[in-house]
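One structure, as structure tokens, below. Some questions next.
In this document, chain identifiers A, B and C correspond to the written order of the chains, with residue numbering beginning at 1 in each.
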Amino acid sequence: MTIQTPAKEKTHTFRLLAPGVVWMILFLVAPIMMIVYVSFWTQTTFSINSTLTLDSWKNFFGSEAYVGALWTTVRLWLIVLALTFLIGYPAALYVGLLVKSKTVSTVLLVLCVIPFWTSFLIRVLAWRPMLGKEGAINILLQKAGIIDSPIEVLLFSELSVIIGMTQIYVVFMVGPIAFMLGRIDRNIIEAARDLGAGFGRIFWKIILPLSLPGVVVGAIFVSVMVLGEFATSGALSGRKVNLLGNIIVTQVGSLKWAMASVVGVILTILLGIVVAGFLRIVDLKREL
Amino acid sequence: MESNVLKPILAVYVALFVLFLYGPFIVLGILSFQQGPEGGPQFPIIEWSTYWYRHLFGMVPPSRIAPLPVGEALIRSLILAFMTMVTATVLGVMAAQAFRRRFRGAGVVFYLIVLGMMVPGVLTGLGTSLLANNVLDIERHWYTTAFVAHVVYTFPFAFLVMLAILNRFDSSVEEASWSLGVSPIRTFRKVTFPLIFPGVLSAMLFAFTLSFDEFPRTLFASGRDQTLPLAIYGTFSVEIHPNIFAFGVMTTLFSFALLAVYGILMGLSVRRAKKMAMQEEIA
Amino acid sequence: MTQTGSIFRLEGVTRRYDDLTALDAIDFEAEQNEYISLLGPSGSGKTSLLRIIAGFEKPDQGRVWFQGQDITDLPAHERGIGFVFQNFALFPHLTVFENVAFGLRNNVDTVPGVEIEKRTRDAIEMVGLAGLEDRVPDQVSGGQKQRVALARTLVMQPKLVLLDEPLGALDANLRDRMQIELRAIRERLDVTFLHVTGSETEALAMGDTVAVLNAGKVIQSGTPDEIYDTPASPDVALFLNRFNIFDGTLKGGHFAGPFGDAPVATARQNAQDRYAIRYDRTQIFDPGAKLPGPALTARFRASEYLGSSIIFLFETEDHKTVEVDHHLSFGDPRDLTVDNEYVLSWDPAKAIVFGKEGSK
């Protein structure tokens, strides 16, 4: 129920909003502006001063390691995004559309969410005894006689980072897709079937398009989290995989604030492009 | 539909999917019963034992493996999560309340708030510490800089939860209260708040859980004193021992206990509603 | 009653929602201690008007006066005007007793506990809910909810109570009973009730005064008899759902319509020429019989038994439905054969005519 907004109502709205808005401007917008600003500061070995310079930017693009981290980040993001979609969609299809009973569907969703009540870092760590040289997978494969000697690339490699990230973030893809699939009117599918459409056709023409907003929301979630990652790569790659996030951490660790800020700005731009790109596919305001 | 074929296949797939989600936990759970203190964080199990659980609570004789530094960190994390929960929920309720009226700039304000959950923690953390370190020149602490960063992150969640609740809220009960001569502030306390309280609870749960487990923002924005996730992260770089697995099992069990309590409470309220409906039928 | 008996007055009250004008410069004055029915079709702005008087919304223009005071800028909780909602809007988390006591407990002026207790019990007693005090709203029926809502409002002893389609959510049986009770309660308490409804039967049955609202304007107000006997415009006649209305031409004291030519004694000023005759004044004749006035040939299609009367539905040659209301106290109805032709006629002096040639 919306009521008109004469002066009194306006001050009321203003008072309710002011604390939150001020908080976000001071502690979210200002810090991000700060990153942009500091990326142009002058960095010396032990300190930093606000003389503006492009040095850090030149350093970034002049260094193979840094630019390499950018491409590693993009590559890992694309791989994890594709995997979460490919692995998550069939699960969402079952949970959101094929399960007739509301209870079963809720139980399955809760089952997917429960791991989130365990510390994120312990979830990452749990992959070590799973993937290690003497880990569960290698032991199982050896016992089954599929392999003779343990696969070593399973842990402390790009592969382990991809596996870990996919497991942690796939639920963010399943949730929104299952939600959108749950909203599809079953009668449409029945009608299409009555008209003689096979499942493949129904999937491509009806189910997939109608679940697209869920895919986009899930993709935005996964992208934002994967692009800002550093803990999973730190814990599972044995420092072999360096993402933009890892560079920020190490630079801050050695008080190289200007370089950390440059990487921060690049990460922000990358995120902006990705999210804006996804939002162009689907007009979320209209769909939700 | 070929769903006669598809459905069982997908059911098996979902079972595998759940196994994929839980597999690491299972392995972690098994290894937490590794023999100690010599047994390492890998297979095979030398001998089943609860050594690492006792190690966690300092109930074993001192060995070369130091106990996890979780005691103080746990308390800090709990306090920080509590502070964050209260602040984020208050801000969220207020902002959502304001959104019940149409006003100019609503879109901008909405995105400004939601931005807080969309910007990766590594960026908010970096920006906050830059601001504290290089402009304001203040020391970073978990209860100052990390706290504000946590609220930036959790406030949007509380806001969205409250927005969903208030969207379904029938405002005529508030108008009824006004028409009985009760002031808007008292109306909020006596009518609106009790009715939206379940929503407030979920907003609080969200804020608490997210803050308690928050890592990237805390890593940058808190100072010397570690919170729980930082303490766990600290063990990453050095050699890990099964005590961290035992700790993981403990926290997971703790979460399950919380969920069980929540489930029981929900079940009770559903049963109460059913009982009421039956009474009405009899009457 | 004199001017001093006025309880509230609206002066040029206007309310717009974006492009839509819900209320268009409404002037209206209500007498004290009356039951006022505000009749209007959906979308006529009747709920807006009520919300403006209550203070839930503010008019874009115009003033609202209550007991001689300009209350336009006064917030709702300082007005002392009661409001009964269509959906009852009970507080779901409070018992019936606490719902009724709510206003007393949370008032700006502290009311002593003993008095709260007594007044609440009295109000609950008055609406006949004694014994249900400890139930919560989910445990009482729709009619009981309505009574709680009423008791909750009346316990505050307001001088004016606004009722927004209060019977709309009740079933037919209950509605009739509540109609009688509402009137009785009002008389006992000496308050003014302003009752908004979309039902002409309800409006005419309950109001001491009936005001008809259409397209944001009060198009007529008066006693139910005045409204019923002399609707001020074809629109009013149409809402009352008791008139056959015909198009035609009014010229020199005669109205030419589908029924031929009828003499007109007086006509009311109106942009279109319209001829209205009440259902219960329309009579049925066999072809060739002696008629009291104009002759309208029509086929009998169906009849509807309403308890104390029968409605006969006819269809004219130009496919217009004409209704005849035969009250059973005037004797048994005629036997009519479906699809046969009959002639409808009436005393032309009883017709109400509108037209460009009419006087004010």
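In this text, a residue touches a chain if its C-beta (ideal position, glycine included) is under 8 Å from a C-beta of that chain, and two chains touch if they have at least 3 such contacts.
Values in this document were obtained by computation on a predicted structure and should not be read as measured data.
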{"item": "Chain centroid nearest the full-protein CA centroid", "value": "B"}
{"item": "Most distant chain from chain C by Cα centroid", "value": "A"}
{"item": "Interface ranked first by C-beta contact pairs", "value": "A-B"}
{"item": "Between chain A and chain C, centroid-to-centroid distance (C-alpha), Å", "value": "60"}
{"item": "Geometric centre distance via CA averages, chain B-chain A, whole Å", "value": "18"}
{"item": "CA centroid of chain B to CA centroid of chain C, Å", "value": "55"}
{"item": "Junction residues of chain C, two or more chains touched", "value": "56"}
{"item": "Contacts with two or more other chains, residues of chain B listed in rising order", "value": "172"}
{"item": "Where chain A touches two or more other chains at once, by residue number", "value": "3"}
{"item": "Contact footprint of chain B on chain C as seen in their complex", "value": "54-56, 75-83, 85, 87, 89-93, 102-103, 106-108, 136, 138-140, 149, 152-153, 156"}
{"item": "Interfacial residue positions of chain A with respect to chain B in the complex", "value": "1-3, 5, 9-10, 12-13, 16-17, 19-21, 23-35, 38, 48, 87, 90-91, 93-95, 98, 108, 111-112, 114-123, 125-130, 132, 134-136, 139, 167, 170-171, 189, 193, 198-199, 202, 220, 224-225, 227-228, 230-231, 234-235, 245, 248-249, 252, 257, 260-261, 264, 267-268, 271, 275"}
{"item": "Chain B - residues contacting chain C, complex", "value": "170, 172-173, 175-184, 186-187, 190-191, 194-195, 276, 279-280, 283"}
{"item": "Touch list for chain B against partner chain A, complex", "value": "1-3, 6-7, 10-11, 13-14, 17-18, 20-25, 27-28, 31, 41-44, 91-92, 94-95, 97-98, 100-103, 109, 112-113, 115-116, 118-124, 126-131, 133-135, 148-149, 151-152, 155, 159, 171-172, 209, 213, 215-216, 219-220, 228-229, 232-233, 236, 240, 244-245, 247-248, 251-252, 255-256, 258-259"}
